[in-house]
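Have a look at these structures, which come just after this line.
Paired with chain B in one complex and with chain C in the other, chain A is shared by the two complexes that follow.
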Partner chain A sequence: MTPLTWIRIILVAAFFGVLEILCRTRVIKPVTMIPPSEMVRELGALLASGSIYDDIRQTLAAVAIALVLAVVSGFPIGVVLHAVPRLRRAVDPLLATYYAVPFFVFYPVLVAIFGLSQWPVIVIAFMFAVVAMVISTLNGLDRIPRVLDKVARIHNMGAVETALRLKLPAAAPHLFTGLKLAVAYSFIGVIACEFIMAASGLGYAIAYAYNNFDNRTMYALMLFVLALVTTINMALHVWERRLLRRRVR
Partner chain B sequence: MTKAGSRIVDLVLLIAVIVAVWQGIYLLAGDAALSAPLETVRHAIELLARPRFWLDIGESAHAFAYALVIAWLGGVGIGVWLGGHRLSGDVAEPILVALYSLPKVTLYPLILLLFGLGISAKIAFGAIHGIIPVAIFTMNAIRNIKPVYVKTAWTMGLSPLATVRTVLIPACLPEIVSGLRVGFSLTLLGVLIGEMFASKRGLGFVIMNAIGLNDVRTMLAVTLLLFVFAALANSALLALDRHLHKRV
Partner chain C sequence: MSGDVNTPHAELAGVTRIYPGAAGRPPLHALGPVDLVLRHGEFFSIVGPSGCGKSTLLEVLAGLAPATDGRVTFEGRPVAGRVPEGVGVVFQEDASFPWLTVWDNVAFGLRRTGVDAAEIERRVGDALSFMGLKDFARAYPAQLSGGMRQRVCIARTLVMQPRLILLDEPFGALDAQTRLLMGDELLRLWRRTQATILLITHALDEAAMLSDRIGAMSARPGRFIDIVETGWPAERDSRIVAKPEFGAITSRLWQSLREESLKALGHGRAQAGASPTA
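Right, the complex of A and B next:
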């Protein structure tokens, strides 16, 4: 591990250490926050009891479906917009303001359309994630070096071969960024939607615990969600590093 | 056709397509799910005539203004520090990115417990949404600055504060404005989410209340107003952004 990683670990550890001390010495009162060590113990008990597995399964399934839909449709939309500059110019204002819309508002509309199922949550998370993928695809395609077109012509490559062997690899880092954003936004969409409105899932469990003044369960669940998302993001980060290193060689 | 003219045509077409899709979904899903575009606009105008509605707008605007100031100033401050100090930046960047992709709504109960119910919790929640992207954009802008600028400042014996004020910030202004734009949208989203949960005032509450009463018209009218506001503010910042990028 590099020294930087060590500094980072020490910083994070110090942060939780200070938090632990503040909670133990009652500077932060237990009604506000329980000590991190208690959160871990509480989470262990919660996982052992198995009572949250249904919520976990439901949330992860919703995130996975939203993510797949966002990537599978976001990439082609980006390609089409890139191919038709006129269309792209027209939707540009929409892309730029997109993330200022509070999508959660559409939840009841979606419930009326899809009924009380997981689909309203999934659709909202999808709406949240897909545009990040579209924008990253556009960024990636914009930054393909012009010279690759000439390379393709010199080697007499067809359109498909050019796309697969030259353009796709050239745009890959940006596409990966899109994937990372889509993962993050799917999680944000699903959990926020569950938190505010839905009646099941991890986000709902946190809001439910909050409304019942059940701080111990609430902090255990918060720890679980934050640890889970951070782990997934870090895994993607490491994977991205590895891919980039291979490109340079 | 002139360039500006064709852009207006594009915009009108875009709005026409959105309205058509909206009307289409309305015809498909019916009254219970959606209100028609024209009716929604009419209702929005009606809402704007009610004094009670302006109290909610005022509440949201108040919270948003504070959150935005904190997010912008805090974000630029953190970004300048992390961009200027190599080691801090290297250590902090992955942490910032990790924080950026967290579902921050999970932290909302904590913020409510820390700040109590009321406007300060909304402000804090809006600010944590906006501050991180502003910091990330600013940090990257300062890191990518031409080394010769920094060397010039150093040769001229500028103090660190003067270097930041007269060299670093002017040189990075275009990228910083891009960051401020992203921060603007996210702060607005944060404040609204804050109002949708455990709040009794503001536009987010109006929406939640309308959802509870199944008042589809109000729900969509408020969303439309928010969207128009966000779109106008965003285009203004985008125009500034493009202008600054062109200047460099």
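Right, the complex of A and C next:
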């Protein structure tokens, strides 16, 4: 491990250590927060009982579907916008202001369309994630050396083959940024929707515990979500670094 | 090599290239009219002032850009809309694929045309050996110098066994010593493949050292103002720069190009005339 990694670990450990002391000495009252060690113990108990497996499965499935949809539609949308500059100029202001839209207001409309299923949650998470992917694709494609277009033409490659065999790998580092953002936005969209509007899933379970003053379960589930998202992002980060190591000149 | 050395391999007849004006600007007459006959197996270089249309000529000949007027043929067939089979192009910019190893870079074109694995193995291994890259087959372009990355691009062109190789200032980004050595490698490649080579360069010494014939172009719109036959034997290398004929060739090229280069810089004929003679 590098010294920077050690510093990072020490900072996180110090944060939880201070939190543990503050909770144990009752500077932070138990009704407000339980000590991190208790959160871990409670999470262990929840996982051992299997009572949250259905919620975990449902949330992860919704995140996975929203993420896959965002990636497989965000990339081609980015490619098309990049290929048609006039369309891009027309859409640019919409992309720039996209995240000012409070997507949750569409929930009733989505329920009317899809019914009381997971799909309204998935669609909102997708709406959160897809534009991050589109913008990252555009950023990546903007930075592809123009000579690669000529190389594609020398090999008489069509538009689709050029996109898949040259543009996609050439823009990969930027697409990775988009992927990481899409993961984060998918989780935010799904958990937030479940928290406010759904009747199952991890977000709902956290809200249910909160409404019933069940601090132990609430913090254990929050810890689970944080650990899960951090682990996924760290895995992507490691993958990204491996990918970039080959390319750094 | 197919075809007689005196027969045309590629030909431009009355070719012009005019870029349409954008946003109310007038059209840009970049090239021509130009007539050029490339003979089978010759090494032809084009020199000229910056912006005279050298690269435009190459793109038109390769089928990467359409001619506004005139006729372009390769092996007797018109070039239009796509790069003909048998034509390879190497650019000045680093066109290696950073996500692929040297081996995969070189094999790229062969794999997508469905050449069988054993043949790919043979041709790629051969090209890597020839270009001195065998020990770097598993390296990524980021681990190589600029000259070696350019060799990767040349090897990627070479494995496709082109009969006409178009080189657009391939050594433009390299230092002077590396350019001389790359020139030697290019000559070696030319002798081995017996392909016809068209080299675009701004370096008169490079053109004089490498070529059988050199076309000097005027300032934009580019036209040929002089064609120089070097008379070098096929078995030549960078040591010919020490010969007196080499100096005579570069001197003749510079005489042809000096006024055109001044024009390209925005200096008029009057000023060129007023300057002391070199």
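Methods note: the second predicted complex is superposed on the first by the 228 of 249 C-alpha atoms of A that agree within 3 Å, B and C clash if a C-alpha of one lies under 4 Å from a C-alpha of the other, contacts with A are read in each partner's own complex, and residues count from 1 in each chain.
Criterion: contacts are C-beta pairs under 8 Å (C-beta built on N, C-alpha and C of every residue); 3 or more make two chains touch, one makes a residue touch a chain.
What you see is a predicted model, and the numbers here were worked out from it, not measured in a lab.
Participant: With both complexes superposed on chain A, which partner does A:108 reach: first (chain B), second (chain C), both or neither?
Facilitator: In the superposition, A:108 touches chain B alone.
Participant: In the three-chain superposition, say which chain, chain B or chain C, touches more residues of chain A.
Facilitator: Comparing touch counts on chain A for chain B and chain C gives B.
Participant: So, A:145: does it touch chain B (first), chain C (second), both, or neither?
Facilitator: After superposing on A, A:145 lies in contact with chain C but is clear of chain B.
Participant: Give me the intersection of chain A's contacts with chain B and its contacts with chain C, in residue numbers.
Facilitator: On chain A, the chain B and chain C contacts do not overlap at all.
Participant: If we count contacts the way the header does, which residues on chain A are in touch with chain B in the complex?
Facilitator: 4, 7-8, 11-12, 31-33, 86, 89-91, 93-94, 96-97, 99-102, 104-109, 112-113, 180-181, 183-184, 187-188, 191-192, 195-197, 203, 206-207, 209-210, 215, 218, 221-222, 225-226, 229-230, 233-234, 237
Participant: Touching chain A in the complex: which residues of chain C?
Facilitator: The contact residues of chain C facing chain A are 62, 64, 82-83, 87-89, 91, 93-95, 97-100, 108-109, 112, 140-142.
Participant: How about chain B: which of its residues touch chain A in the complex?
Facilitator: The contact residues of chain B facing chain A are 7, 10-11, 13-14, 18, 29-30, 32-34, 87, 90-91, 94-95, 97-98, 100-110, 112-114, 182, 184-186, 188-189, 192-193, 196-197, 204, 207-208, 211, 214, 216, 219-220, 222-223, 226-227, 230-231, 233-235, 238.
Participant: For the complex, which residues does chain A have touching chain C?
Facilitator: Where chain A meets chain C, its residues are 145-148, 150-151, 153-157, 161, 165-166, 169-170, 172, 243, 246-249.
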